[in-house]
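See the structures that follow.
The two complexes that follow have chain A in common; it is paired with chain B in the first and with chain C in the second.
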Partner chain A sequence: MSNSILVLGGGFSGLTAALEAAEVGYEVFIVEKQPYLGGRVAQLNKYFPKLCPPTCGLEINFQRVKKNPKVKYFTLAEVSKISGGPGNYEVTVKIKPRFVNNNCTACNKCVEVCPVERDCEFDFGLGKTKAIYKPHTMAMPMQYVIDSEVCTGTSCAKCVSACEYKAIDLEDKEKEVVLNVGSIVVATGWKPYDLANLTNLGAGQIKNAISNMQMERLAAPNGPTGGKIVRPSDGKEPQRIAFVQCAGSRDQNHLNYCSYICCMASFKQCTYIREQYPDAEIVIYYIDLRAPGRYEKFLNKVQADEKVKMVKGKVAKLEEDSEGNVIVTAEDIIAGVKKEETYDLVVLATGMQPSLDGVELPLDAEIKEGFVVGGEDKGIFAAGCAKMPLDVMTSAETATGAALKAIQTLVRR
Partner chain B sequence: MARLKVDPDVQFIRDLQAAGGESLKKCYQCATCSVICPLSPEENPFPRKEMIWGQWGLKDKLVNDIDIWLCHNCGECSDLCPRGASPGDVLAALRNMAYRSLAKPAVIGKWLSSAKYLPILFAIPALIYLIIWGFTTGLSIPEGEIVFGKVFPGDYTIDPVFGLVAIFVLFTFASAIGNLFKSFKESGYTPKEDAPSFWKSLLDVIKEEIVTHSKFQKCSSNAERYKGHLFLFYGFVALFIVTSIVAVGHWGGRLIGHEMHTPLALWNPVKILANVGAILLIAGLVLITRMRLNADPSKSVSSYYDWYLLGVIWAVALTGILSEILRLANVAALAYTAYYLHLISVFMLIAYLPWTKLAHLVYRTVALAYARQIGRKGLGE
Partner chain C sequence: MAKKIGVYICTSCDIGNRVDIEKVKEFIDDECAPHLIKELPFLCGQEAVETIKQDIAEEELNAVCIAGCSPRVNWDVFDFGPEVFVERANIRELGVWSFKEPEGLPPIEETDLEADHITMLVQDYVKMAVMKLEKIEKPEPEIPEINKTILVLGGGFTGLSAALDAAKAGYDVVVVEKEAELGGFAAKMYKKTPSKYPFTDTEENDINKLIEAVEQNDKIKVLTSATVQKIAGAPGIYEATVKVGEEEQTLNIGAVVLATGWKPYDASKLSHLGYGQIKNVVTNVEFETLAKEGLKRPSDGAPVKSVAFIQCAGQRDPEHLPYCSSICCMVSLKQAQYVRELDENAKAFIFYKDMRTTGIMENYYKAAQDDPGIFLTKAEIEEISQDGDQVVVKVKDTLLGEDLEVKVDMLVLATGIVPTTLEEAKLELECKSQDKQEEEKKEESETCENPLLTKLQEASCLKLQYRQGPTFPDLMLFDGFADSNYICFPYETRRTGIYAAGCVRQPMGMVTAKEDATGAALKAIQCIESANRGVAVHPRSGDMSYPKFNFVRCTQCKRCTEECPFGALDDDEKGTPKPNPTRCRRCGTCMGACPERVISFDNYSITMVNDMITSIQVPEYAEDGGYRILVLCCENDAYPALDMAAMRGKKWSSYVRFIPVRCLGSVNTQWIAEAMSKGIDGVLLLGCKYGEDYQCHFVKGSELCNRRMENVAETLSRLQVEAERVKQVQVSIDEYDKVPEIIDKFVEEIEGFGANPYKGF
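Then we have the complex of A and B:
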């Protein structure tokens, strides 16, 4: 019998579930695939409900993790095998080599000498990093990491000689850890739906038609443009911006459900644009405007802005003109007119695809459209966007609930 | 705010669903369809508006809607529909309802709306030609060389029957076209003063759209159907020319004393054209049937109207070819039977034409010409 809990995923839900359980005395292991904790929230510029920057909520949680000896976490880690049953699971975790140990002080000398560049995943390809890089400005752990797919390895090793702290080990190998836990919280979160699938919306090939998560990175002070919203193709300040709602959501050919928060995300991003460009004109194309619960107030606020127009009618065609502008075709349903309009920048409100969609996890829980919908009888509980599309606040609430159920599984045995 | 009172015709909604628009209510009005359709115009584009009219049972709007004929049923809207509401099928169903209601007598429309009336449709020509067979040879197979004229003499059986049928069909269409024009005007579309004449528009439609099938090529979803329809179309054109030459050669030739005799020799150019027409027909049928059988049911479902027409054309083509082969092979009993079935299927194709899907050759042509007159064309066309 084990008195420990495994938490899959170290994003906002995973951190919350882990801390809730640890702070009442249970040992918790967080297994995180990325080289840092904080998940999708870390990539946002601001988040609901109070439009705080991510530092706000994550910083506190990171402090709690650091101070609590009951929370142990593994980054660059994935579960490869789970055996046993509720109360007594044996979990095998594979940890990829980071090539940088905890002597790292984030002095950045290694980056200065590294000759290899790569697309920055954290910025959704809008920026570049070196092969050795800091995951992001507030990464936890604050430890650099090497992308082994692009690093040329020991033949180069410039970073090794540049590092004064002997923090870099290019011979680092994959490790395996076996954990004994009684219950499991699945907080594997989501990924933005791949634009490449949206063939009629440019299939991700139109440079100035970006995803809403790319917009977050453009607006974020720690993003590729230092927080200035400009067109990716030429750095031009956009004056006419369109938002395309339900880009891949509520669509049986893509994600067959509403992703819950994309309408709100677009309204929020309207405020980013209006703060930077007081004269910019914004059009939001939608099927239905969805402002869950108290968020309606925020919708009303954005609707009151006369520079923001909302058009009922889904954009079903995007094209690029010779100057990099984006031509949007939609029917304004209320007016009964089908029109082509040209914009400087288009933001596709892409939906949330569960991280587990199409991924084989050694997990004995029912999964539907990628969401974990069962497993409670096995001591497996989903939290946050692994369970359903949610905002950060509700994700945290479901995480607290999942933590309690995970504890019950341990206690009732 | 002004109130709009919607008076839904619930029976109309049910009829529309039964006529092939079953998926109608899945639509949530996103207008992907209107945008994706290359034939859909800027003002009041289709088929999004037809979907809500259908859901709300606004019969008056739909029965006068010219746009159902501008749709060429390529299926791109249904492919991209996020809800599987198949707007393409709904527009096809609206056309099916028009086939049923435009032409009179209404009872034939009813017979063609469901498979359960198929025995009646078959029995009428079966009986007519059986009676003829009884009169000519007492239902027996004639001796000697196989000449179908021995059982079904052209001059006083085939030609009078089909002559009467042709007159019946022409009159039916004339009155139906009148109804169609009335409905277009009802919907508020009238040609402007500087608009081209109807006949000029009609000629342009035939020249620029029908002969080339230009509108068919506009969607990527349509590649297979485009080819199939083109083969069928030219197959029918070839057979129509053959029939006309034979009729004129026979009756006209009689006047000048040089009567044309059938069957024609195989090397005769007219016979060659007939055989090419039959091969085109089969090729088109294979393509279209395969397309319909392979269609993803979550995107599009074929209706009874689709299968009736396809079935009858198959019957015409197969019995026709079989008659010729069996005649050449000198298998008398089977050859005469095949020809008997051929006459029945040709009758089922032509006599009921105004109530079948094939009536689109008249209604769509008229609507396309009228659309030209009023300047209604797709955005970017």
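Then we have the complex of A and C:
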């Protein structure tokens, strides 16, 4: 029998579930696939509707993790086997090699000498890092990592000689740990829906038709442009921008459901653009403007901007012209017209796909459309976007609730 | 406690080759005479840590100063057990990495300075850390006897769910419901919107199962026809008085879940939509009851063949409810099915602004769209009129591209929800503005009865016996909902131990309310367990320190009781503050507020920071050694921003010295006076954003600090010192690229004023 809780995923939901349970007094293990905690919110520039930086809450949560010995976490880690049952699960966790050990002081000398560049997935390909890199500005743990797929290994080893602290081990191997837990919180989160599937919207091949998550990186001060919103193709300052809502969501050919956050995310991104370009013209093509609850006020604020136009109508097609502009073919349902319009930059409000969609996890819980919809009788509880599409605030609510359910499983035994 | 301090200076990460370590050691030895001082390469490495451990054992050190990287890096390396205090001097990020060689100063050899600028800077930070260690004491909380019972206010769906969840985790629960029956609005519903995957089907109303589960749970006590009369005390030691029927009961309570729910918006204000004018126009709440009883046309009892629904009847309308009620689209889709199940030829028309079936609930909308008997369109309502027993609805701007007129048996107005806390929220705001006016008039209002306050007391759901009043403050920021202002922390509360859930917190459907109930139950349990361990809850979770009062010197000025963002302090008739440690969040706002400096924490106090300020070496002649500027920065946001700025290679003026504070609210003006009297040329306060969208983790800290600065400015002017030498700037944690500019700009401003005239006195 175990009195511990396993939390799958160290994003905002996972961190919240883990901390809320640990602060009641339970031991918690977080298993995170990425080399850092924080998940998707670490990639966001600001939260709607307050327009506050996500790192603000993350920092507090990291402090809570640092100060609480009951929270233990593994990064670059994935669960490979789960056996047993509620109250007594045996969980095997595989930890990928980081190639950088605890000696790392985050001094950055390794990066200075590394000769290999790679596309930065944290920036959705808009920026570059070296093969050895710090995952992001506020990475937790504050430790570098090597991308073994691009690193040329021992034949180069420039980083090894640059590191005064013997922190780099190019021979680092995969490790395995076995945990005994009583209940499991699944907080595996989401991924942006793959633009390549959206063939009518350019299939991700139109350079200046970016996803909303790419927009977050462009606007973020630690992003590839230092926070300046420019066209990826030529660095031009955009003056006419369109947002394409429901790019992949509410669509039986892609994601059936509504992704909950995309309307609010686009309104928020309008404010990013307005802050940098007072005269830019923005058009939002939408099916329904979904600003539930008190978010309505934020919608009102954006609607008050005379240069933001909202057009009810689905975008049929995106094309690129010779100057890199994007031609949008869309319907204006209320006016009853179909029109072509040219924009400098188009933002596709791509939806959220659960991380577990199409992924095999050794988890005895029912999964539908990628969402965890069962497992409660087995002491397995979903939180955040692993459960359903949610925003950050609601994710934190579900995560807090999941913490209590996980505790109930332990108490009942 | 006498300290035996070991000072360890890291020489790696560029520190050793840029700083004259010998001079640092000499200086610290002369100034502080710690038990030992060592320089070690790679201080966070195993070898060095072993050396420190050995020293602790052999030399019996009980305090260690680690001068090296930021405490945000390698935080777990320097843990030498609970008996050894550790203080980090951040000489890497805030020292060598961000150091910018001052311009326009003569070479050190030509001055009286004993060390170069970077070495002086490191000397200052190490000395500050040692001085802090000298003053630090281990907090030992006195833990009261804690009662772990959870009081749930409201026996509706959310309250019942919270009660059951808390009981399942092993806690005793009391549910207080004002009605004679449990179930709230859920019990009045005919059917319910989907609660499980695939979220396409309307479900039978199974609230009775939940009621039964609660009634049969022997950990839950249910009080119906019951109202709270007052709640006194603090988390873990609340005493709630509940009136059940005619009898009063006193309950010992640990924490509270507020689940008093919502009221339907007053439809009489919607006469323009026919309500109260046309008999067959009803609200969605009324329609639910009619459907439960068997749907018939209200005017004549005829069978209902067609029903129109108008969405946003009052919502998303600044004249009525400015917000969206989140559930009405789902409810109308459900009610459209009530119509459809009566008769296969029956028709439902839903006129909406936007269909807001967010997230997975889209599946329910999709299912409705497959029903040819349900007609859905975006529309603007033109006119509602009557034609015999039928209602005529005229709309424009539809998806059909033409205006439309339908004649229906009934019209349902999808009215919105109003939180049960709205009235008290409005009254609280009124009270506050009245207080402000009276303050301006400088009238003494305390003796006379304040009718507004009595009204507020009556309207309050919680009826708290708190010095700051019976309810949550500032709920009008959230349109009257008992909500949190933090995206990341939806259960943040201004009244520790009281957690709102369900529609009193936000407009929400049952799926969300169920999650919310569980979340709030967890927070209630967590608060009780934290109180039982003598530690703070979020954001300083686990903090054992608490404010101590030296009552001998207290002048009963009430600043601390009035300013505490969490209403933690009560007072007696004379105005002497009564601390309630389990309500306290340890931000130190009381310490910052106190003009007599009688409040302190064991590990954070006025004298401690004063000593740190005094540690700063102020060159006698600014033209030789440059200016000195003290930066008091919020440790939660500004400090990490500075840290990250340094990591990103940013540099700033070497004239500044940073001291992190728990919150700008804890900044006592004494510190500023101390700095100015020591010849420091300027004081910059870096803290969080305040105002409506405040980011301060302690709600009011940075705002209160700003208010205090007005007094500081006055004092400075009186001393003939430029008021602008003290300045507060709002900084977010992600402004790491801006913060160096903010600092340098302030330094420039100070340079413009010249040296502090009190320098050298």
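Some points to look at:
Note that in this section the second predicted complex is superposed on the first by the 412 of 413 C-alpha atoms of A that agree within 3 Å, B and C clash if a C-alpha of one lies under 4 Å from a C-alpha of the other, contacts with A are read in each partner's own complex, and residues count from 1 in each chain.
Note that in this section a contact is a pair of C-beta atoms (placed from the backbone, for glycine too) under 8 Å apart; a residue touches a chain by one contact, two chains touch by 3 or more.
These figures come from a predicted structure and were not determined experimentally.
Of the two partner chains placed by the overlay, chain B and chain C both lie in contact with A:Arg250.
Once the two complexes are overlaid on the shared chain, A:Ala316 sits against chain B while remaining clear of chain C.
By the touch criterion defined above, A:Asn88 reaches neither chain B nor chain C. Of the two partner chains placed by superposition, A:Asn197 touches none, neither chain B nor chain C. Looking at the shared chain after the overlay, A:Val411 reaches chain C, while chain B stays out of its contact range. By the touch criterion stated above, A:Phe371 is placed in contact with chain C alone, chain B being left untouched.
Within the superposed three-chain model, A:Ser233 lies out of touch with both chain B and chain C [touch as defined at top]. Measured by the number of chain A residues touched, the leading partner among chain B and chain C is C.
In the overlay built on the shared chain, the residue A:Cys258 is in contact with chain C alone; chain B does not reach it.
In the superposed model, A:Ile333 makes contact with both chain B and chain C. In the superposition on the C-alpha atoms of chain A, the part of chain A touched by chain B in one complex and by chain C in the other spans residues 250, 288, 333, 336. Interface residues of chain A facing chain C in the complex, by the touch rule stated above, are 12, 19-20, 23-25, 45, 47, 50-61, 63-64, 66-68, 102-103, 105-108, 137-138, 142, 164-165, 220-222, 226-227, 250, 256-260, 288-297, 300, 312, 333-334, 336, 368, 371, 373, 388-390, 392-394, 396-405, 407-408, 411-412. By the touch criterion given at the top, residues 200, 246, 250-254, 287-288, 313-317, 329-331, 333, 336-340 of chain A touch chain B in their complex.
Taken in their complex, chain C has these residues touching chain A: 12-14, 42, 44-45, 69, 72-77, 165, 168-170, 196-198, 315-316, 322-326, 354-363, 366, 378, 397, 399, 401, 478-479, 481, 483, 485-491, 506-508, 512, 514-523, 525-526, 529-530, 533, 537-539, 541-542, 636-637, 640, 644, 647-648, 689, 693, 695, 697, 732-737. Residues of chain B that touch chain A in their complex: 28-36, 40-45, 48-49, 80, 82-84, 298, 379-380.
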